[in-house]
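Below you'll find the structure, written out as structure tokens, and then a few comments.
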Amino acid sequence: MTSSKTNDRILLAVFSVLVLAGPIILAPFGAGYPDLLQKFAIYGIFAIGFNILFGLTGYLSFGHAAFLGVGSYAAVWMFKLLSMNVIPAIVFAVIVGGLFSLLIGYISLRRSGIYFSILTLAFAQMSYNLAYSVLTPITNGETGLQVTLDDPRILDGGAAGQPFSNLFGLNMIETTEVSILGMAVQFNAGFYVCAAILIGCFYISLRLFRSPFGMMLKAVKSNQNRMSYTGLNTRPYTLAAFVISGMFAGLAGGLLAAMDPLAGAERMQWTASGEVVLMTILGGAGTLLGPVLGAGLIKYFENIFSAINEGVLMDFWSFLPETLQHAVVSVSSLFVGEGWHLTLGLIFMVIVTFLPGGLIEGASRLGRLVTNRGKGENGAARPAPAPAE
Amino acid sequence: MGTPILQVQNVNKRFGGLKALDDVNLTVMENTVHAIIGPNGAGKSTLLNTFVGRLIPDTGTVTFDGQSLIGRKPHEINQLGVSRVFQTPEIFEDLTVAENVMIPAFAKRDGAFRLHGWESMSREAEIRDRALACLEDVNMADRRAMLAKNLSRGDKRRLEMAMCLVQEPKLLLLDEPTAGMSRADTNNTIDLLKQIVAAKSITLAVIEHDMHVVFSLADRISVLAQGHVIVEDAPQHIKGNPKVQEAYLGGAHL
Amino acid sequence: MDAILLQILNGLDKGSAYAMIALGLTLIFGTLGVVNFAHGALFMLGAFCAVSIDKLFSMEMVALSATETTAWGTPLEIRTLYVEAWFGDFGQWLNEWSVLVSILLAIPFMLLVGLVMERGLIRHFYKRPHADQILVTFGLAIVLQEIIKAFFGANPIPQPAPDALSGMADFGAAVGMQAGAVVYPMWRLVYFLFAAAVIGAVFSFLQFTTFGMVVRAGMADRETVGLLGINIDRRFTMMFGLAACVAGLAGVMYTPILSPDYHLGMDFLVLSFVVVVVGGMGSLPGAVAAGFLLGILQSFASMNEVKQLLPGIDQIIIYLVAVVILLTRPRGLLGRKGVMEA
Amino acid sequence: MANFTISRRGLLKTSAVAGAGLAAPMVWRRPAYAYTNEPTGSSVILGFNVPQTGAYADEGADELRAYELAVEHLNGGGDGGMLATFSSKALSGAGVNGKKVEFVTGDTQTKSDAARASAKRMIERDGASMITGGSSSGVAVAVQGLCQEMGVIFMAGLTHSNDTTGKDKKANGFRHFFNAYMSGAALAPVLKSNYGSDRKAYHLTADYTWGWTQEESIAAATEALGWQTVEKVRTPLGAGDFSQYLTPVLNSGADVLILNHYGRDMVNSLTQAVQFGLKGKQVNGKNFEIVVPLYSRLMAQGAGEAVKGIYGSTNWHWSLQDEGSKAFVKSFGQKYGFPPSQAAHTCYVQALLYADAAQRAGSFNPCDIVAALEGFEFDGMGNGPTLYRAEDHQCFKDVLVVRGKENPTSQFDLLEVVDVTPAEQVTYAPDHPMFAGGELGQCNPGA
């Protein structure tokens, strides 16, 4: 058992290094700018939290975006009323996300399976529809809640000028641009706040997965009947998982607002809830790293593929002869720019068809294949592997 | 000996027009092996279901250790000290054999719910040792790292037994523990159950078809027919009882 | 009274669409056990069958005018309908009744789409977790709608109903009320009758044909029917085609009510899942009943009197009803135990 | 195909690492810019943020076409379009301030979040000096706020809510498009002369901020004519089927239905209203009428037959016969084969106005550009003499009142201009109650 502990330490260390070096690693892929890096980290947190519920207990919530949304609203209200410091905003976002998920979870967890999914979906859609319309005094409706010059901000005193979210004076939009190996690499304060929290969240999730509590959640997924006849009350376990993942979602929402002080109602729409489901399944539900990978993949497509226009394509294919170039550009332009959804849809289909269990499962299968080849026939004698993590 | 641990009084249960349990009365004494036998459809499993909170009787009382079981949830009843082995093994298929046994061990130690999310499994040496000991008891220690779903049917049964035993229940309910087992496995199971009864202070209530098992284990037998207890007596008195023969053979006297 | 009657008609109309989509969704779910997130896309494809036929019938011969020019300097184009040029009055009739004519195209087309989808993709996902089914069908839905967008653009495309059916019908007079008190668009009445006919046809097909009986038996217990030596798989494939057809037809006939665009399917997807679940997973009558129930409740919640009492109620009524029903009836209106509960 | 360009920094970052860094020192810090994304090379980058997915994707595509045309014209390509008719002659087709104009694009998805994310990418990664585009007010307000924070100029695309230059106005943001108040003020006299002053109006309003300001503006304008407002009913965004909101209109005693909807909502509510026989119905001895305050050609296309004879207002229409409009329609039509929409027009004009301001200021510093645009008066852009008012950064110009054409000659010829309401009639005080609250603040150059 000590070896698995060492493995976990290595996993955490590698994860941390990769996250912290994100700006350098992602720069060659055109994804090394602050906003997208922040989004990677924030949606990583969201998906990690969602995975604690869905990956471990198997309860598929279709309304998790609601907690992200209320987290954002809570954070922006903190910015408006209290201070532009991100700490109270984030803390309040987590609390509100937790309370809201406690309420919805308490009701929805009375049902299981698809009935549970639809209950969560219904609550989230109600939140979204109301936030968009009649709750506008609180949410500022379609436009989204923003900080303005004349907000009270009692802790900040009468600080004049444009308000920026900050951590004790360090503005979240503060960016240092450095050239490394000829690449312009942007180190952004906000990203490192997100990254630190992401690493913390990953560590929490690791602890949960390795804890008796995590085992209980897996047991819920495996056989609820046996749980009850074993003297365990499944409801508080599932509710705890639901609230924890709701708090993660609230945290993610709070961070979104901390990086960019705006909270829009679309964050609560079912498509946003569906997105985190897709992230988790795509990466690998029930695995530690999968959700983060899935979140990264989807956000990358949304931000990078949508920005490729014909000009960029012409440039990319410029090594081809001109006639061929035009043909290739017109074909490939179907998949980028305004066609980025098409690529996303195809990727979903390809990954789920050929890599059942998501990216991580696919990678570990590939890994097993390689090691088995290397070991020859020895591989067959090994004990059955535990679920990939 | 001599204290009743489970008392069933005037229990009735209807499913639509079918009277599944008809005024059942039954007393299980502490530290005995009590077998419940009867032909198919006699209501044996239904009766067991009323003990664990899966079914609530229409009327009547079920008292365990001086406390009523009626209206209690399954997990509450288990926490009182009642464990059950099912006819088709109910185990955690997606977990390893060792984890399957550790979960009930946690339930015994920590109660129905505990938010132990920050502790590490690797530090739970005590639980692990107890689980392994139980697996040793059922001769499954070597399979502890396997996923439960990959076990053979017989092993699943024994695993479920270990999951119940690790809780050191006061009352262990067994629903056909040897169904579908080979003669050798059946004898192993009988030996195992005998050891358990000898080593621990435990009460067993067994539903069984195999008379060999029943008569090797039981201190007392209740015979159920058409939802009604027709005889409750010591094994030696059951064998020649005409009522029992009638119930099983539809009146054809032997 | 008139207002209430009108809202009931509105509700029935909305309910018709919900019920038809939910019926198909339940057929797929009940027979194949597959959660089909691409079902909304099938509805949308049906609508675009109508659009394509309409486009085909409105294809124009283009001749460049010698004298006039457009505002941007190119010669003005003079256009005549091909169908009119070729078929004369019949062509005009075709163009006029294109929505109904497109049913003829939609049936084989949607059947084909359904079969290809089942054989080519869904088949591989029967034994996979529901999460995987959701992911792959959602991916397919996106792909289908993006293809439609690439061909037809993102703007809604108007589909007029045939002139003869686009007026108002005096519904009140027909049921013995004062003339003119309750008038209702003819096409919407047609839509309701059409939905009733389709739903009736599906039910009688399942009830009265051997094919249907086998399918129903298979829905209840797939393994046993398989053991009887009946090739249930092929029948289930046909059911997928049938479900696609129902969704497609619902889409075709809906186009004069709602100008279709590529996103139409997604708009109906969530709603149709709510309908199916409220009706109870795996229950065909439940799906139909829930469709009409939610349609009517939605209409009533939008009445000014109700809105003044509860602002915003029309925004959430569907979901509110879903929550209430699921909390009071654990498996929806008519759901079976054990279906999709784990 | 002269305008296939790529951002210099985008290229740098999207290209592979290998080899690129050999000549450069291992690590250097970015030089301190005087303002955000100061163009230091031979080109200036503009960020075109338009909806490419979602309900307004077609409108977004048209906006993008207009921007590409504008870039072409600014760099001296094509026939120059409106540069020839624009009253300011600072631009010569040789780029701006001696720099070639390049552009990057992004997808707003018509969601505030996504729009801000894509604007941020263009500012942070691609080095855009200005962001423009969009097809809804929520997005415009959200992106305008972002540009204010990050210190770049925002030239709004299609946004019609009063709030954009009202309570949510920002010093770095500019709107050329007209607004809900102007729609009401422009429509009122036409409605009066056609429908009289004794009318009962029933409002169906999209239940979000734009809908509300539209409803408030048109209700105020019509009530000033003496019209009664019978009922104002809010409908959920994206309702699809509006039948449950339309049937109460039938017996409400109202004789005018005002549809404060845009986009798909408008297409659906209008076609369905016509289906319910509202057009041509007789109420109170008058013909029942439908009014759609904000029209666009793309929506008219979606609504098909239903638009015939329906009044509304629009920012611009391609059939206008002034020199500027003709020049623009000509170069757009020749390049793409069909006439531009009003969204395309406002975006094209905004791009030119920004370039002109930068040229006149001799700088891309947002504060210099703000100074150049504030109070700027110009002509030759299709709307007659126009003022960019300094107090709220709103353009004041003539507003078109249009009507759905009875006998369209093509799928683009759906609206006819019935009246042009002069600018003075639609002008309001900067502190008008519908625009109150919020302050412009100081221009922010960022960095």
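Note that the chains take the letters A, B, C and D in the order they are written out, and that residue 1 is the start of every chain.
Convention: a residue touches a chain if its C-beta (ideal position, glycine included) is under 8 Å from a C-beta of that chain, and two chains touch if they have at least 3 such contacts.
Fair warning: this is a prediction, and the values are worked out from it, not measured in the lab.
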Using the contact definition stated above, find the chains touching both subunit A and subunit C.
D
With contacts counted as C-beta pairs, which pair of chains has the highest total?
A-D
Going by average Cα coordinates, which chain is farthest removed from subunit C?
B
Could you grab the centroid distance between subunit A and subunit D? Build each centroid from C-alpha atoms only and quote it in angstrom.
34
Just curious, how far off is subunit D from subunit B if you go by their C-alpha centres, in Å?
75
So what's the Cα centroid distance for subunit A and subunit B, whole Å?
46
In whole angstrom, how far does the Cα centroid of subunit B sit from the Cα centroid of subunit C?
53
Touching at least 2 other chains, the residues of subunit D are 57, 61, 207, 234, 236
Mind pulling the subunit A residues that touch 2 or more other chains?
129, 132-134, 341
Pick one for the touching-chains graph, please: line, ring, star, complete, other.
other
Chain pairs that touch, by label, are A-B, A-C, A-D, C-D
Going by the contact rule set out above, which residues of subunit B touch subunit A in the complex?
52-53, 73-75, 78-79, 83-84, 86, 90-96, 99, 102-104, 106-108, 110-122, 124, 127, 145-147, 150, 163, 167
What part of subunit A is in contact with subunit D in the complex they form?
27-30, 32-36, 39, 129, 132-134, 136, 140-144, 146, 148-150, 161-162, 164, 173, 175-184, 186, 256, 260, 262, 264, 266-267, 302-303, 306-307, 309-312, 314-315, 337-338, 340-341
Please give the residue numbers of subunit D that touch subunit C in the complex, ascending.
54-58, 61, 207, 231, 233-236, 238, 240-241, 243-245, 247-248, 250-251, 264, 267-268, 271-272, 275-277, 298, 301-306, 318-319, 326, 329-330, 332-334, 337, 339, 409-410
Of all residues in subunit C, which touch subunit A in the complex?
35, 121, 124, 128, 130-132, 134-136, 138-143, 145-147, 150, 266, 270, 273-274, 277-278, 281, 311-312, 315-316, 319-320, 322-323, 326-327, 330-332, 340-342
Note: in the complex, subunit C contacts subunit D through residues 2-3, 6-7, 9-11, 13-14, 17, 70-74, 76-77, 149, 153-158, 160-161, 166-168, 183, 185, 187-188, 256-259, 261, 263, 267, 298-299, 302-304, 307, 312, 314-315
